[in-house]
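Next come two complexes, and both contain subunit A; in the first it sits with subunit B, in the second with subunit C.
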Partner chain A sequence: MRSINLKFNKLIKYHLLFVCLIVFLLPKVSSGTNYADNQTDTSITNNNLPSVISDTLDTSLKERKIILKDSSVLVPGEPVTSIQEHPQEKVNSPHNNVNKIVLWLMGDKNVAEYKIRLIDYGNDHLPLFLRKYFMRFVEKTYTYPIIILFLLLISGLILNVTIVLLVMYFTSKTKNHRERYVRIYRNHYEDVLRSFLFGDIDWDLARLKLKRLKVPLNRKILTDVLLVFKENLRGEMDSQIPQIFLKLGLEKDSIKLSKSIFYFRRIEGLKALTNLDPENAKVIISNYLNDSHITVRTEAQVAYVRLHPENPFEFLKTLKKPFTRWTQLSSFYIFRLHQIPVPSFTDYLDSEIPTIRNFGLRMIIFFQQLENAPAIFKLLDSPFEMTRYLSIQAINDLRLYDGKQLIKNIYQGETEKNKIEIIKALKNIGDEADFEFLESIILSDSISLKTEACRSLYYINNLGRERLNVLNQNSDLEIDQFLAHVTNSRN
Partner chain B sequence: MDKELISSIFENFFLIYAICIFSLYLWLAVVSARELIRNHFHARNTNYDAIISTPFAPMITVIAPAYNESLSIVENIKALLALYYPNFEIVIVNDGSKDNTLEKAIEAFDLEKVTYIVDYKIPCKEIRGIYKSRKRAFNNLTVVDKFNGGKADALNSGINVAKGDFFISIDVDSIIDPYALQKMIKPFLEEPCRRVIATGGVIGIANSCKIVDGQLVEINVPNKLLARFQVIEYTRAFLMGRLAWSRLDGLLLISGALGLFDKEVAIGCGGYYTKTVGEDMELVVRMRKYMSQQNIKYKVAYVPDPLCWTEVPVTLKNLGSQRNRWTRGTIDTLFIHWNIFLNRKYGFMGMISHPFWVFFEWLAPIIELFGIIYFLVIAFLGSPNWPFLFVMLFFVYTFSITFSTYAILYDILAYNRYKKKRMIIKLLLTAWIEPIIFHPLVVYWALRGNFDYFIRRKKTWGNMTRVGFAQQKPSKKNPEK
Partner chain C sequence: MYLSDKIIVRMKKILVAEDNRLILETIVHSLTREGYEIIKANDGKECLKVMEENEIDLLITDLYMPYINGNEVIAILRDERKKNTPILVLSAAGAEDIVLKAFELGADDFMIKPFSLVELNVRVRKLLAMKR
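Up next, the complex of A and B:
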């Protein structure tokens, strides 16, 4: 609800701007000027035109001078009338007859008030040198015929298109130039570093050949090259790469980046430090494990897994935000890629955050951590469907026979997805004692449950197959069709 | 009421409507720009290797309805099999084709009919048979042969057969980016607090592009003007409209050519509605409505990458028929779900998105028509202010080309698809003549759509001729589809 309110507030903000635009375009309560008076001779002849035009033009001719009661916009020497003092006069003016719908929609006072507000805003917020121009702008938009405003808008749009075209041209040019520049220096740095790492040249010569390292873009290119080398090279060279990074002082750039206000720069910094300066990274990433930005958080958590092989998922104990599936996948990927020793995931099954519990269950299933059975059974009572689903899956995959009765007990109250999982589990951990249970499902209405029940009964043992044959003969359930389906490994 | 008051009502209404539409589009453009920037940096920091190599990747079912696709079915299935994702299956639904679509698939992939128990969770026309390949390489391919029932019905039967937790609905004759699945599943996996129910992607136009073995290898600007107009239109719609709506959580339409859905939610709300020609929009609206009614926090996500390429109509007849159908689909969806209009219960969708579609998508061409009629009346009864009229027209024109030029700029900045300067110049020139040539046609087709919907009560897809990507020969499409 709060987010909806925020969106409405945003909308109101945007629409206030839009209403202001309407006020600009329909100048009803404006002060007459000599300029406008001059315009009216021609406009009066076109009086049967769309009201918006004639409205503005007539205004200039017929409207009496009404100036808002605001000291900041008083024009010395001109007669002053306030709207509030002469409401009848205003309503009777020909201009207002034409625009009564808009006046009805927005209210007479509002129209005047917007102008006052605009002027007050200018007085209160704008710098002194701008104020004069702003006042003039407000006055003129309330005074000039609408046609001029449209012409101004058209000029603005044409200018806009011109700027866009220039941006297109220069963007394309700059992009191409930058791409070429990056390519050239990337190749150069790769060549030099390759020569150094393979022992063709010594460090002093390599340092000399690494040109333009004072340029931030070049330092970034070099960092990227080092990251690629680090990812692809192993053995002695692998340990040399971080040393090059430190020798060239590139870690300072990365530390600076990791403190940037822009999240994407923070990520860049974290990535470089994690791979090339692990000691510094260990200190820094702890600050970002609960970062408000999900991408930074993910990067920090993945980096933690990489840098703490002794206990890669310890951070989950201090996590305050959900551990999304994407982050789970990313962490798991790094975990496997770097062949980090597998820890016990029991602790995470007690986490208050459901996504951490689910992750723990997934890991327990994947790494077949059988010792966690009691904790898994406890999770069958979880209020979260996914947690129960994974617990049933764990009982199935780890062949936890003690859990069989537990999952059968919860069957009735489960969702269809979990029911299917329970039946699937019985295929692996079930026995003759479950035949009746499965047969009752076969006699139920749900096709999906029936199919799975047939599959389980068929694969438990030969007795199960015999029971299916008996069922097939004694009923019109078309069990043979189900059997044909479940025995085809492609289905 | 006197004449002056009536004219005042009309004029003020047209003016306010025009200002509303302009300001809303400007607002959407600004939101889109911010979202594009956000996405640019977000995508830069994403490592898709994590999902490609994981055993935990959720299963996705790719559902592709096919009707009389014998020209390209084999190539298209091959392209789908090459999708780069670790856990997916392909379900091709032969929707009662009258040509040899099924036979071609059987022959090419060594398919055989298998006994298959189908759980009809969503009602659909009877399935005649399920075909699986004898070759292990095509283990994840299923071909469903069913009686003709239209695209929505074919998709429903695909959902009934699908094994995955998510399904992606595509047009079989579209070209899907090999990385589409991993990109589209990401929003489902990274959303921490809300349930993502659907993801849409950008549709690119493949006319005149170079396609080899069902893969897009070279992007070109279409040679035909009508297709080029549609490039501008699609760019505007996807990069300046839908992107902004997704950011505002008000996206009501995910293109039928490419959309990834949460199967459980789709089944929960009854699947595709078969009695409408706008089944893609209708499903999204119904899924959103269903989630609101269940009081579950949800999100419809959007991936602003061109993940699907499709051939657009290049003849006035086909294009008119397509636009006519889109209009009827829109009206149908808006009316089927009329109870969400300005209904606070449905949040942003009820208060903003649905009314926007009513006022600025459905009613826009009708109001435009009334504006023209009103002007003609004025022109006959009196003497209109010609200078003002021309200034006004020119203003609308400049606004329109500014908008299109920005769309092209967004495209260049976001994707840089059109590498040659010549292509960009071609697009710009097309954008500048589009309001004069293409827009009146679009308005006309939309009006025809309204006429067909309200007066003729037409509910069918209409005729469509498409040139297959593979052979580039014309094939007649189903009137039902």
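Up next, the complex of A and C:
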């Protein structure tokens, strides 16, 4: 690092010298030569001669004549006499002060046009006191040797690169310093808290050893350490950790964070409060259950499940935003991890939000809540495909025989996905009365429906298998091939 | 009887493999107070190296560690060497399939985080007694 620092210093030093050289020396040198050059060059360009020639015509009139006579470099039909006959008349042309390389690069028409545009722009947009400086700048730009412009450009580039490198260097240095600081204090706080929790030292001594707690970063480090303790340890220590959090007044920081305008800070605050100060958290998270930011909302909803074991999903009744799949999974994980008593999910089947209804159905299936059958049947009329799909699945998984006729009734108007689910349900809750229904499906065109119907008919009972054999013999549907597929253990 | 038990306990060497420093040091602190000799490993690779070089009476390992994870450590130990060393898995992942896989590979016990240090000490004592 030190060597890099020295190199940077050298680079800046040389760069400054270089810029000084350009600013103080080169303009003086160039201003002495410009006038003579311009007199001859502009006269040539006005006659539309190639600029290659003009570069070579600096020295003497004799040389000019020799070159101009060379017909191979002249454009046929172009008048060349003016330079020989009236060289002085061309001095007052529009480009008399313009750099020859600029002319060569841009062409004389463009040069004049751009210059006029720049001047017009200055007149139209700049305040009066700035105009004269602007005009001077435009004039200078057109008269300075282009090499100086290039050198200035390169200097600017070097300066930019140097600044970027310096910023990177100092950012990296600051980051490393901060990481080292965090590591040292984290280890220190861990050791002190461990000694206190194991009873090696009393609270007064521990408080003395917990240094620099007025610094916000240190308070954050300590909160993180307490969170890790809380998340990993149970038992006696489990109750001591929130007490430490409150004794040190760290909850004030977390409450402040939870009100931050930045969503990630709000999450940080909510997480700390949920784990270490549940009473405060209960009040605060209720404000974020319908937060506009999805991540904050998820954090608040998951926290609610954890903090309200008596009724973990009560918030779903007041939820106005969709209950996302990720939140459903996170809530379910927390629910299982903390072994929270399972509530009845019937209430959520009436929700206006489809994602909540679907979640309720999934939970009913998972926890086998058979008492919710009437509410499940109602959802077969839902306008949402997924809700109907989950209702059919619930009828199948919970073996709700009363729902069999209902799903058969809606079969014709269903999507292919739901039709397959209905046929699958008949495999488990069907009987001889459903043979005709399944046979009609086998006679249909859809291969996937046929396959599923064959499977259901085959597994309902032996009578179903006999019906399949009869159907196979009496028709050219090649049912034996479907049977080979459904009876294969790999499918 | 109690005294002789204590003497045997003091002789036992336990290897704790855990990548979280806070958890590692807490377990080490707790078990050291119980009179065991503790060796620390911060990842799976280090754990296998320590197992190779020392006569370990019990291994306490996390499942998710850098380089070589806990399941791989268990599989290697059960396949190649140290077949009789009791292994206690300590992990935050408590899903049924994960627990079952650890037992299938040869773990002797499984504790899910958050865990109680008192419970850990009891289980360690039990596993060491079984080995004896």
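To be clear about the criterion, the second predicted complex is superposed on the first by the 317 of 491 C-alpha atoms of A that agree within 3 Å, B and C clash if a C-alpha of one lies under 4 Å from a C-alpha of the other, contacts with A are read in each partner's own complex, and residues count from 1 in each chain.
Note that a residue touches a chain if its C-beta (ideal position, glycine included) is under 8 Å from a C-beta of that chain, and two chains touch if they have at least 3 such contacts.
As the structure is a computational prediction, the values presented were derived from the model and not from experiment.
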Contacts of A:Leu471 with subunit B and subunit C, given as first, second, both or neither: neither
Which of subunit B and subunit C A:Asp238 touches, first, second, both or neither: second
Which superposed partner A:Ser172 touches (first subunit B, second subunit C, both, neither): first
Broader residue contact with subunit A after superposition on the shared chain, subunit B or subunit C: B
Contacts of A:Ser330 with subunit B and subunit C, given as first, second, both or neither: first
Contacts of A:Glu190 with subunit B and subunit C, given as first, second, both or neither: second
First (subunit B), second (subunit C), both or neither touched by A:Phe198: second
Partner chain(s) touched by A:Met135 [first = subunit B, second = subunit C, both, neither]: neither
Touched partner set for A:Phe229, first subunit B, second subunit C, both or neither: second
Doubly contacted subunit A residues - partners subunit C and subunit B: none
Subunit B-facing residues of subunit A, complex: 1, 3-4, 7-8, 11, 14-15, 17-18, 21-22, 25-26, 46, 48-54, 97-102, 105, 147, 150-151, 153-154, 157-158, 160-161, 164-165, 167-168, 171-172, 175, 262-264, 267-268, 294-295, 298-299, 321-322, 324-330, 332-333, 336, 355, 362, 366, 417, 446-448, 450-451, 481-482, 484-485, 488, 490-491
Footprint of subunit A on subunit C - complex, ascending: 20-23, 25-26, 29-30, 33, 92, 94, 113-119
Residues of subunit A that touch subunit C when the two form their complex: 187, 190-191, 194, 198, 225, 228-238, 337
Residues on subunit B engaged by subunit A in the complex (per definition of touch): 4-5, 7-9, 11-13, 15-16, 19-20, 23, 27, 41-42, 44-45, 47, 49-51, 53-57, 114-121, 132-133, 139, 186, 188-193, 248-249, 264, 347-348, 351-352, 378, 382-385, 387-388, 391-392, 394-395, 398-399, 401-402, 405-406, 408-409, 412-413, 416, 421, 424, 428
